[in-house]
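The data blocks that follow each hold one structure.
What follows is chain A paired twice: with chain B in the first complex and chain C in the second.
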Partner chain A sequence: MTVSETVRRILVDDIFVEVPVESMNDDDSLRDVFGLDSLGFVELRVQCQQAFDVKITNDDFTPDNFATIRSVRELVERLLAGSAHPAAPAERA
Partner chain B sequence: MSLCHRGPDPAGPHGLPFHPELVDALLARSTDADRPGPVDPVDPVGLPPVVETAAGWGALGVPPGSPIVLAMPNGLRMLHHYFAALLAGLVPMPVSAATPALRVRTLAARFGAAAVMGQRADPGRLGGGHLTSLAGVPALLRRPPDPAGYPAGYPPGTTLLLTSGTSGPFSACLHPVASLVRNARRHAESVGLRAGDSILVSLPLHYSFALVAQAMAALVTGGRLILSGPPFTPAGYLARLTEHRVTSSSLTPPLTRLLLAGTDRLPRGLRMLTVGGDASRPAEVAALLARHRWLELYLTYGLTEAGPRVSTLAAHAEPARRHASVGAPLRGVSAALRATPGTGDGAGELLVRTDTAMLRRVGMSAGDGPADRNLVAPGVLATGDLFRIDEDGYLFFQSRISDFVVLGGEKVCLAAVRRFVQDQPGVVSCATRVGAGDGGTTHYDLDVTVTGDPGAAGRQLHAAMGGFLLAAERPRSVRVEHVDALTTHK
Partner chain C sequence: MPTPAASLVLRTAASDELVLTADFAATGRTTATFHDLVERLATEVNIWETAPAPYGTEQGMTGHDQVDRWARDLKDSGLRVRAVIGFCGGGVYAAALAERASRWQAEPRLVLLDPGVVKPYMQVEHVQGWLTRLTPAFAEEDAGHARRALLDIATTSPGPLELARRLGGYVREVLQPALGRTGHSGQAASDLADLVIGYLHWLAGAAQLDPRPRWREAPALNSATPGFGLHLLPAADRAGLVRAVTFYDVPHSDLMRHDQVARAVDALLARPVDAPVPVPRRVL
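Now for the complex of A and B:
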């Protein structure tokens, strides 16, 4: 599963976003289109850390990095590229 | 037409205390912090003048008095549509954009809403209707445009503000907008808000505080709004304060704790900070003041039913012994205590008398209890909060009486959660346990007994809660046991 696909699954399975995965666009706003509220963003951060085995610091937890699926994907890819042992996304049940 | 920001409220359409030009002026001087550049209301690619959007409602055949659910995130568009609905004589009801579809549908049905507005207002999610759009935002008309076919609902010039914390997820306060604006003026006086202030709105606009004490206060004082949304992080917050030269900001105690956990300081351009929505700890008040000696720090208390602001403490101007207080009532507001069983030491339930109190509570069902139990007399509210009042009239919060908690700044009605869980198939009983975590954060756990397989029931319950409860309203943990286990354990 790609980073983008994993983020979509997180949105649906863990954050209960009510948009079907196949209808999600990478550039849709997480706030305006998917309706994430403050705790939804916190949950997305936690789930991404677990799924990709990365550490998302407070400095990276910004509205810009968490604006869209694409920006989250780019953040995760950047963190994976910077880590000593890049990990594939963890398998999601 | 004068855009004067002082003096008596001017008469606008539908008894509103403002004219459309004042709204357009507010939006023109305000900014979406999360989007580049201001939106010019005369720019065709931005927002149209608010009267055009108001006229659009008339063209759709939606009669005055109809409730409109606004499920939109913080931003100029949300405010544009809120005020446009008012100017069209409609009754806007702002809700969180994160509200699950089932809940929006139930809300719309319970309140007889004529339309739901928001990016996710599509017929597939919300049970049908006619999809159109106004000023770039999808609007789902729930009923055919037949003005003769259904009752108008509520008086034009009023608005519905949800009170999920105090009375379940489907109750709202019906307020005249004129009295909310009066409350906004009094709040502005109490904290020294003035023309030229740049006001950062970090709290959701469906909170009565942000809508009244920030947006409406900016409307009448001439302040400028900087509208922001989640995620909230100290670094992002501090950057916005600096970037937008913010002079006034409002936070909840959990958010101020996040700031205090770091070593950063607020920029000196921030003249004033208000903190409310839950009780502040005196030590945190002292720490904030010690770190920012120039800052005007106001502790605020209020409730949506009161319109919403009730009292203010200018903590920076008070001795430390008063930092546990939420101050004295605003002008036009008075407070008293009523005897409450089991309390001593001069404490009692706080009663608030105010001419900005809700007209009535609406949306309650038979299982929710008396509809107006808070409104003990016209203009007199029983707050459900235990207080002491000192000899100088300062209010000291003691504890909640009612069955709700504040989780992450969000009021959550535990009775409503239990009722929802109890309604799920196979659930025999459920109980909530409130606890405090590290750093004093509050949470609750849910214990459920079921007749079927606990594992399957737990998964089903998890999905059901996800589809109905907001993230803040969900329990920290859910323990599911077969009903026989209870018998065995006895």
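Now for the complex of A and C:
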């Protein structure tokens, strides 16, 4: 199972998001489309840590990293690759 | 630009100026956050947001202790603080931070979004909200015990810091196990308890501060939701609380994702601090 697929399973099986897995898009907002609230995000963080055997620090637990399935996947992949630095905020040109 | 120790970086810019935003924004909060507002702002400036004290360190922190953490970041940044923006109870801390910055630079502009003077009853209401949500996890008799225990804490705590301490114990002993009974993992229940306790102490610190002297000179952008911002007060008591107010027919939860609010904030940030505040109007 890919990282994205695992995140989808977590959303449905552990956080009880009432959207079918096959209807979830990578760029749908976890908050605005899937309806997660602060408790749901806390649970998502915990389940991702357990599923992927990674540590998601408070510095990584940000709206940017937990915006969409894609951003969560990218965070997990960075952590699995051994990078400790979350994505920096976009610098304005 | 140095990395702040007690603030989150929302935007970096090729600028020697900084805007600090004040809020307690837990990841996943359904009410729009400064993260949402900053996405809509055009102003080319560094923007930070106050971060809560690390969970577990907030016990006993006074309002001034809370402000000290963020003020150190401002001073150490070497940047000119152009403005401080506060949302809801964060407006209390924003006023204090503007005053702190004025000790070493020209006072920054203060902007208020749904400003609310924090009172201890808000700490109790927050815990009450969680208890209500978790009521299905209690047997009827136990739910009654839980309600009475909360009422006892609410009516016998002598001040906001003691109230936060006792409510924190209640969260650990009553609400955290209830979260587990609703199917959440033990770690998630513990993490959420950390977050709620941190918020209770943040409120407690704000309840100790009086923002009104600086609020009187600041503009406010206010939602339409009863019970938030200036709606907390009867109309007759609002005059003089802030310098000017613009009301938006937008729910409190959507105020910081509203494009017109973002444009208004950009306009305020572009004005010299001592320029007159725009005439208040109702925006439909």
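Some notes on this structure:
Simple rule for what comes next: the second predicted complex is superposed on the first by the 82 of 93 C-alpha atoms of A that agree within 3 Å, B and C clash if a C-alpha of one lies under 4 Å from a C-alpha of the other, contacts with A are read in each partner's own complex, and residues count from 1 in each chain.
In this section, a residue touches a chain if its C-beta (ideal position, glycine included) is under 8 Å from a C-beta of that chain, and two chains touch if they have at least 3 such contacts.
If you're wondering where the values come from, they're calculated on a predicted model, not measured in any experiment.
In this overlay on chain A, chain B clashes with chain C. Of the two partner chains placed by superposition, only chain B is touched by A:E18; chain C is not.
When the shared chain is aligned, chain B and chain C each come close enough to touch A:F61. Within the superposed three-chain model, A:V33 lies in touch with chain B and out of touch with chain C [touch as defined at top]. Of the two partner chains, chain C is the only one touched by A:V46; chain B is not.
Under the contact criterion defined above, the residues of chain A that touch both chain B in one complex and chain C in the other are 31, 36-43, 45, 58, 61-63, 66.
Residues of chain B that touch chain A in their complex: 34, 71, 73, 96-101, 119-120, 125, 204, 229-236, 408, 466-467, 470-472.
Those residues of chain C that touch chain A in the complex are listed here as 8-14, 25-30, 33, 35, 44, 54-55, 179, 184-185, 187-188, 191-192, 195. Chain A meets chain C in the complex at residues 14, 30-31, 36-43, 45-47, 49-50, 58, 61-64, 66, 88-92. Every residue of chain A that touches chain B in the complex is listed here, in rising order: 15-16, 18-19, 29, 31-33, 35-43, 45, 58-59, 61-63, 66-67.
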